[in-house]
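One structure, pasted below without further comment.
Chain nomenclature is as follows: A, B and C, assigned in order of appearance, with residue numbering initiated at 1 for each chain independently.
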Amino acid sequence: MREILKSLLLWVALVGVLALALGHGKPPNVLGLFIVSGLAVGSLYALGGIGLVVLYRATGVLNLAAGAIGAVAVMVAWQLVQWGIFAPLAWVMGLALGPMLATAYGRTLASRMAWREPVVKAVASLGFAFVLLGLVSFLWSDDPRKFELPTDKAAVMLLGLRVTVTRLVVVGATIALVIGISAALDSTRIGLQMRALANNRRLSSLIGIPITRVETLAWALSGLIFGFTGLMFGDLVRLDPSVITFLVIPCVAAAIAGRLQSLPDVLMGGLAMGVIESLLTLSDTFKDVRPIAPYVIAALVLLLMNRGRHLTFSGED
Amino acid sequence: MRISRSGLAGLTLAVIAVLVLPMAAGGQWLKIFTSTTAFALAAMGAGFMYARLGMVSLAQVGLMGLGGWITLRLNHAYGFPFEVNLLIGAVITSVLGMVLALPALRMRGLYLALITLMVAGGLEVIFTAHQFPNGGAGFWGVGTSFSATMRRPALGQSDESFLRYALVIAVLGFLLIDAHLRSRPGRAWALIRRSEAAALASGVNVTLYKTWAFGLSGLLAGLGGGILAASLGLLDAATFRASESVLLFALVVVGGARFWLGAVITAVLYRVAPGLLNNWGVDADLALVFFGAALLHAVITAPEGIAGQIFGLFKMEAANDRA
Amino acid sequence: MIALENLTVRFGGIVALDAVTAQVSAPVSGIIGPNGAGKTTTMNVISGFLTSSGSVTVDGVDPMQMPPHLRTRWGLRRSFQREQIADDLTVAENLWAIADNLAGSRATKRADIETALEFVGITAIAGKPGARLNTFERRLCDLARCVTGNPRLIMLDEPAGGLTVEETARLGDLITAIPDLGRAQVLVIDHDVDLISRICRETLVLDFGRRIAFGPTSVVLADPAVKAAYLGIEADHA
């Protein structure tokens, strides 16, 4: 808990300093507006990042097909709505594709690379991403589309900004996921097994942890998160399979902010990234390149992770 | 100085290509082949690094953009000949690449892949926001009212002669990598791939050699970008999106990261195939499905890629091209 | 002479080496002990892969002052539990890979490599690619790498792993002959007690990171405390 508070302090300090520097001389409600907007964007990154980290911890796979899985889910959901299927059912069916695709990949293809290095597993997931993206692009033409949820219509006013309920759902879901998964990892049996697996796969298999069962759960859970992220991206960003597929990149940035292991840090880092990106609008020099914020922050986190590292060897030694 | 059978085949092909291709190709195809050559250079850079060291760069096309940007900017700012602009562009790209990758070089391989992904994302943002220099004023050098020309090398003014020029640069780039592989860096890299601990215990400065490899790969990307700039006259941000870098790397693995032929196959698949498929009435999106499946296949079962399987068929492996 | 003085290594809460002290002067010495005793850890400390407290000196020089990759140039060589032959390189190139990092002219290095190949008896396969070597050839190639260029200290970690009885015997003969080649002192870790007793004049026994015996090999192997450590029973005077 103390670690989380320390992190929180660091992230808030970082955002605070930048807010003061950039917001200098501007009215406070303008600042508030950008912060709220940034939280909305950042929570999307954090959502994707959480799915990535949950899966990575359990299986060593950084699933670069996360965006593509989300793209499939939202395109199918959209199509089902177009065909007149009862909307909530359509969303659920689209959402269900998330865990289905992820688990299918995890059980058939990823399992054949189970003992290889993480970088190889990540590269392979790129293949899966292209297969999915290619299929979706092939099946649906390039026309512009909109994916809408009823929560888009309801909104609340926060610090002068009109925030749709959809965005609140995203923030709420992200927080709930972090709390829920962290709690499950800590207090359930399967959570314990997942932590053991993340720690040392070889040893875990030796002491009798049901690897396949734990991993399948991880794939399914992360697949569900990816599917949900896809639906949210489709609603809040753009319903474009290619765009959604490669939104995995800022989600990876959020995952890096969590050092690929700490869910609370993914959340805080993702939110901070969104807010900083938004605050950069206030700077004339940087406003054109503000989407670079997540990448710069991720690079800084990597630099910090590297400090004090004496020697490290890749692979088994 | 042993030349392997695959090396001999490569040199023969290179000579034929340099002499014949520019004459045989016409019109639009000249520019397409020049682009393909540029991407082959970049593919070679990413390929040797992955095959020999297991290092993944998901920013190679982005670094091409960086090289192209610098070459263009120098071209419009000063009166240096093309060769100077190209070299400076390539060297700066190489150095910047090394600086950006350095934090990850001492961590597990995945982190290098991830930081290059971040670099690719960052470069995409910069190129989209600031576009490419076209002779305008200011640091970014972008003007809206006119577009100055990009000076081509004296030996490569026409599309035909520039294709020849580009092919020669590509061959030189390949020979540069080959020279590395045959000497001390190549041996150090081989040890590092086997085990970084063993390499360290053999006296290899692991971080130095990994950085050097990344720098070499960046150099080739920068050269490719410069060539692309001179070929097209002006570069477009869409060419250098992060997704392009990711796709190129996927194709590097599919083509066969280890071999010169692999780099050629990669570039052809990347640059030529989608257009050809369109001409034949096949949806280019299906090409993406094929690429993805081929990547999965390559990673899971056939790490040698297409080039490796071809060479295996003809038993043309190079002396130091053992699995 | 290798002098270990209160050498201690900690990994978080675990003490991998606990104030190990020994003056190892025999041309070929052994380090033995049950799994997890700290044998490889000792070599890892000298190689520079771990931080430690206490000191290690070799002929009065403290190798810990040098960055790990420069210790090879100084004269340290090391083999690992798994053979470490680069598949991409031939046998000769594998030796060049280490010679690259030593002082001296190209001609000297070429001579050193030829000597090493000759000594180990693998000159005939100098051009064979690493990927095509069998286990014995790999172990021999590892050994050749270790004797290249007049080293001072050679550390061999289970050099006979995966070898048949005849191959182990041959390897043992070679190791015994190493000190006569030059100035090198050899440290050997192995589980094969016969091999250790044949080639090592002195042996250090570790258990749970502590030194439980050190001295002439035959004496050490007869020590009840050593037997107890291997069998996991309490010794009379532990």
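One rule holds in what follows: a contact is a pair of C-beta atoms (placed from the backbone, for glycine too) under 8 Å apart; a residue touches a chain by one contact, two chains touch by 3 or more.
This is a predicted model, so every value here is computed, not measured.
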Requested in this report: State which chain is most central when centres are taken as means of Cα atoms.
Outcome: B
Report summary line: Relative to chain C, the most remote chain by C-alpha centroid is chain A
Report task. Identify the chain pair with more contacting C-beta pairs: B-C or A-B. Result -> A-B
Query raised in the report: Any idea how many Å lie between the Cα centroids of chain A and chain C?
Result: 48
Report task. Indicate the whole-number Å distance between the mean C-alpha point of chain B and the mean C-alpha point of chain C. Result -> 43
Query raised in the report: Hey, how far is the Cα centre of chain A from the one of chain B, in Å?
Result: 30
Query raised in the report: Hey, what residues on chain A touch two or more of the other chains?
Result: 311, 317
Report task. Please set out, as single numbers or ranges, the residues of chain C touching at least two other chains. Result -> 48-49, 68, 80
Query - chain B, residues touching no fewer than two other chains - result: 195, 197, 200
**Report entry** Residue numbers on chain A that touch chain B, as the complex places them
**Finding:** 62, 64, 109, 112-113, 117-120, 122-124, 126-135, 137-138, 242, 245-246, 249-250, 252-253, 256, 288-289, 291-292, 294-296, 298-299, 302-303, 305-306, 309, 311-315, 317
Query raised in the report: Considering the complex alone, what residue numbers of chain C touch chain B?
Result: 47-49, 68-73, 76-78, 80, 84-90, 93, 96-98, 100-102, 129-132, 145
Query raised in the report: Within the complex, which stretch of chain B touches chain A?
Result: 54, 56, 100, 103-104, 106-115, 117-122, 125-126, 129-130, 195-197, 200, 241-243, 246-247, 249-250, 253, 283, 285-296, 299-300
Report summary line: In the complex, chain B touches chain C at residues 52, 184, 187-188, 190-191, 193-195, 197-198, 200-206, 319-323
